[in-house]
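Below is one structure, written out as structure tokens; the observations come after it.
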Amino acid sequence: MEIIMTIINGLSIGGTYAMIALGYTMVYGIAKMLNFAHGDIIMVGGYTIVLFFPISPIVGIIASVIFCVTVGIVVERCAYKPLRGASPLAVLITAIGVSKLLQSTAQSLPFIGSKPKGITYNFGNLQIGSVSISVLTLITILCSIAVMVGLTLFVKYTKTGRAMIAVSEDRGAAQLMGINVNFIIMITFIIGSALAAVAGVFLVFKIQDVGTTFGAMPGIKAFAAAVIGGIGSIPGAMAGGLVLGFIEAICGMVPALSPYTDAIEFAILILVLLVKPTGFLGKKRREKV
Amino acid sequence: MKKSLKGFTKHYLNYTVIGILLVVFSILSIVSPTRTMADLLPSIIIAVIAALSLSLVVGFLGELSLGHAGFMSIGAYLGGKVAIALMEAGDFEATNVLVFVIAIAVGALCAAICGFVVGFAALRLRGDYLAIVTLAFGEIVRVIFTNSGKETFGGALGLDNEAQFLGQKRIYILIIIGMVLVLFTLFVIQNLLRSKAGRAITAIRDNEIAAKATGINVTKFKLMVFVISAAFAGIAGVLFSYSKNPIKADIFDYNYSIEILVIVVLGGMGNINGSMISAVLITVLNNRLTDLLKGDAAVYKDIFYALILILIVIYNNAPALKSFREKYNLKNLINKILRKKHDPSEITNDAARWDVVPTKIEMNEVLSTDIVIDKVGRGDDSADILERGGNK
Amino acid sequence: MKKTIVKILCLVFAVVMVLGCFTACGGDKNYAENNTKIKIGVSGPLTGGAAMYGIAVKNSAQLAIDEINAAGGIDGVMLELVAVDDQHDPTKVSTTYATLYEGGCQLFLGTVTTAPGLQFKQYALDDEIFYLTPSASGDKIPSADGGFQMCFTDSNQGTASAKYFNENYAGKKVGIFYKADDDYSVGIKNNFVAGLNESFGTVVEASFTGEASQFDSQITLLKDCDVIFMPIYYTPASQFMKQGASKVKASAVYFGCDGFDGIDAVEGFNINSITQEVSYLSHFDSTSKTGPAADYIKAYKAKYPDAPLNQFGAAAYDCVYAMVDALKNSGEEITATMSPQEFSEILKEEFAGDFVFHGVTGECTNGQKSTITWNEDGTVNKKAVKYVVKQKGANG
């Protein structure tokens, strides 16, 4: 019984991580930059749904996708595009700056403020025998799987998707083949931000509360999930998210380990990186001179 | 005479300035310690040492460390613990210099050991991955100290260092030792960078593979940088433990690491004096802004820092702004104010100076000047190709 | 040469700036020498997650000061409030303290929350000033050298809760939900566990760290408990209640400490949507209909209709009155230009002596004001009240 409950909890926590990790892995795989602001775009999505929730949940979801995509495009154009071709260190520091900027801007807005905002919404449980599983968990998992399959198909079978692979393999060669690299990277950011919005919505329904640093920790953990699964690999992100979810669930069930949950997750990340830097499902890249 | 003065200012001006400040503030802090002095001066000293040590990793080795506060935390906790234990064992006062020095040695040593471990990660990983590992390291340190037992490190309540805490009246000891340590840090880092090792470190930053090919022992130098940087961060941590009570692990979180990073970036990466000046500037500004911005307005400070960080990085690094920043920069501006024109007859032996060694020339720059395509048609995209090609 | 000039300029600039920051400040001077009113200083979270507490303290202290001024002040000397924002962040206290102290404050309410309060205490001890904190409940906040509390200390809260459990919930299955990286939470929890008697068997412990979290595992651990003790602040508590709404036993009781105060006013949390009972042990019942507490509530509501109302505010209201009463009680002559140290001398003697205060916090019986006394070590003596925020069953 305990084991079944732990598995369900793992799925429930891991589902949201997987959702965020899918967006992370898309952006990292193609734009080759660690978008620290991803977690804060989740926060933007979370606030949008909370603010629009009284009108209608559906309107809220649509609004948060639209708003996050807009923020994603603006961030990409203003902060990241000028640095294309600059050293990765510069891009990374800018991304950290954008992350802080989004957090503090949100806090300075009068209708957001520094106090957390919440919603009260109960999805109810599905009873299977003696086991009860939250409907939200099921929706999250199904959605993540759908997004994973959809993204894989999109990348494999559409022209834009294959252009993405080309850009991620070799940006210079892709450009010579007539691919508009800037456009492809923007598309990537649009997809990434839309996924962040959806993840934000799920996270809000899960936690039922949103604050200005609400996306930061899940964002970093989802990046860890993406790295564990193999960055750039879509199924890897899903797997990594679930692995992290299970770890968190197991730690949560053992009172002695519970306070150390974050440390254990990060230690596993470091171990994976040191032993197999490409993650479980990632491809090895050779560094050319 | 003129030449020797120039040589002096070039190499020893920063020491002199800090030396003068050391004397001035030692006297001031002994004669009339004020609240502002007791708060602000230790913060400045800690920020300067932390920024110097981080700039070694970020500015000179070219790797991003997001867990620098973690090393400080180790220094603060272990140094503080040792100081308290010694004080209890020998019935010493907090102002005992010997205890202070031992605490600093222990804090630096423990942080250096952790730096060695993180340095190992740096051997296998670069760039974003290493940044994430250092971030994870900082978080792990924080969690471990927060959950430590009540007897060991005080757990969530923080390490109770009431015996060690100096307060306003005894702060002079921290100010004197702290400023001597700033001199020491500066001496070690500046001399390291002026040595053969320093050139090897910048060579690794600019092109690791090429550096390896020329026979530079990358393993050795990377570990060396991480160990030295961590040791000085540990020293900053020990100083912190003397200025605050209790020592709480939450203070040394990710945001603190970012704050140090902002200082280094603002000072100009790879510019030691710049890092020190911006450490002073940011700390004082932080202090004043907290005064000025009350209530909800406090958040504008964060917006301001974030914007500064983004704009400075874009200004310094954007390929499209290259010609712009060559034309309009601080140096030219100051020259303009001083009405000094560039005198081509003045030959400088730049090549012999560590801070202007042309290590920054990258393959792509050579290529893009050879083939001037980026002026035709869709500029930045074609430049992009060349740079990508060049980088690989 | 140019570079040298640039360098010299930069360094000179830095030196001038650093010096400029310090030369302005003098030594042991009386910053209050030009005051026309007695300034009362408080440092609290006016913004951020704990703002609800800080704002209530600020408003209530203002309310008390206005009432006292309207009644003629202290022998004709008026009072004035200075409230500064520390955002519940210990690193900000160095600045907020300096603002208060160098701004000429003479009486201090300390800080509203514990973590900044520890820092505040150090400065206060350095300057030998007296403070009476309304709500910083940490065990290390009170001090025999002039640090007094209006609220119960954490260990007292933990012990008092355990005592209440021993008397009222004996034999039931008890769970604890606490924040492992918060000193307030861990402090109360340890004392609570130590204070429980053997009738409870094993207590289920579940913890979390950080901010907004997914509490799946914790809910699984605690869902069968009869009483869940939650020594945490209201934000994570409301998250737990919402996430566990349909999983935790419907007859369970959520039992908190003073951090629960304001849980019924959390934005986006409809407390009536959950079925479990929500209560906490406190020194003030903000639903009082009669007695001195109700009078305070009425006056507060009239002045600040939209502001948060909680026991923190009530404690601050009492703090101001207690200090003023003590000053009047001492029989010394009070002027607006006395230094904080002079005030400290008087107040320390009063509070450590047998000064008895009658206020709105604590148990008020028969419409009389409560009786509050202090121990020499700075802790308070008064009777606690259990405050039921919401009865069992969903009503909305």
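Should a chain be cited, it is by its letter among A, B and C, assigned in written order, with residues numbered from 1 in that chain.
Heads up, the rule we're going with is that contacts are C-beta pairs under 8 Å (C-beta built on N, C-alpha and C of every residue); 3 or more make two chains touch, one makes a residue touch a chain.
Because the structure is a prediction, the values reported are computed rather than measured.
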Contact-richer chain pair (by C-beta pairs counted) among A-B and A-C: A-B
Most remote chain, CA-based centroid, reference being chain B: C
Intercentroid distance (Cα basis), chain C paired with chain B, Å: 38
Inter-centroid spacing, chain B versus chain A (mean Cα positions, whole Å): 31
Chain A-chain C separation of Cα centroids, rounded to whole Å: 38
For chain A, residues contacting two or more additional chains: 114, 259, 262
Numbers and ranges of chain C residues touching at least 2 other chains: 47, 180-181, 209
Residues of chain B engaged with two or more neighbouring chains: 143, 146-147, 296, 299
Chain A partner contacts - residues on chain C that touch it in the complex: 47-49, 51-52, 180-181, 205-214, 216-218, 220-221, 235, 238-239, 242-243, 245-247, 266-270, 273
Contact footprint of chain C on chain A as seen in their complex: 5-6, 8-9, 12-13, 16, 50, 114-120, 122, 124-125, 132, 206-211, 213-214, 217, 248-249, 251-253, 255, 258-259, 261-262
In the complex, chain B residues that touch chain A: 58, 62-64, 66, 120-121, 124-125, 127-129, 131-133, 135-137, 139-140, 143-144, 146-147, 209-210, 258, 261, 265, 296, 299-300, 302-303, 305-307, 309-310, 313-314, 316-321, 364, 380-381, 383-385, 387-389, 392
Contact footprint of chain B on chain A as seen in their complex: 28, 33-34, 79, 82-90, 92-94, 96-98, 100-101, 103-105, 107-108, 113-114, 170-172, 175-176, 181-182, 220, 223-224, 227, 259-260, 262-263, 266-267, 269-270, 273-274, 277, 287-289
Parts of chain C lying in touch with chain B, wherever the complex brings them together: 1-11, 13-15, 17-19, 21-22, 25-28, 46-47, 84-85, 87, 90-92, 94-99, 101-102, 115, 118-119, 122-123, 125-127, 140, 180-183, 185-187, 190, 209
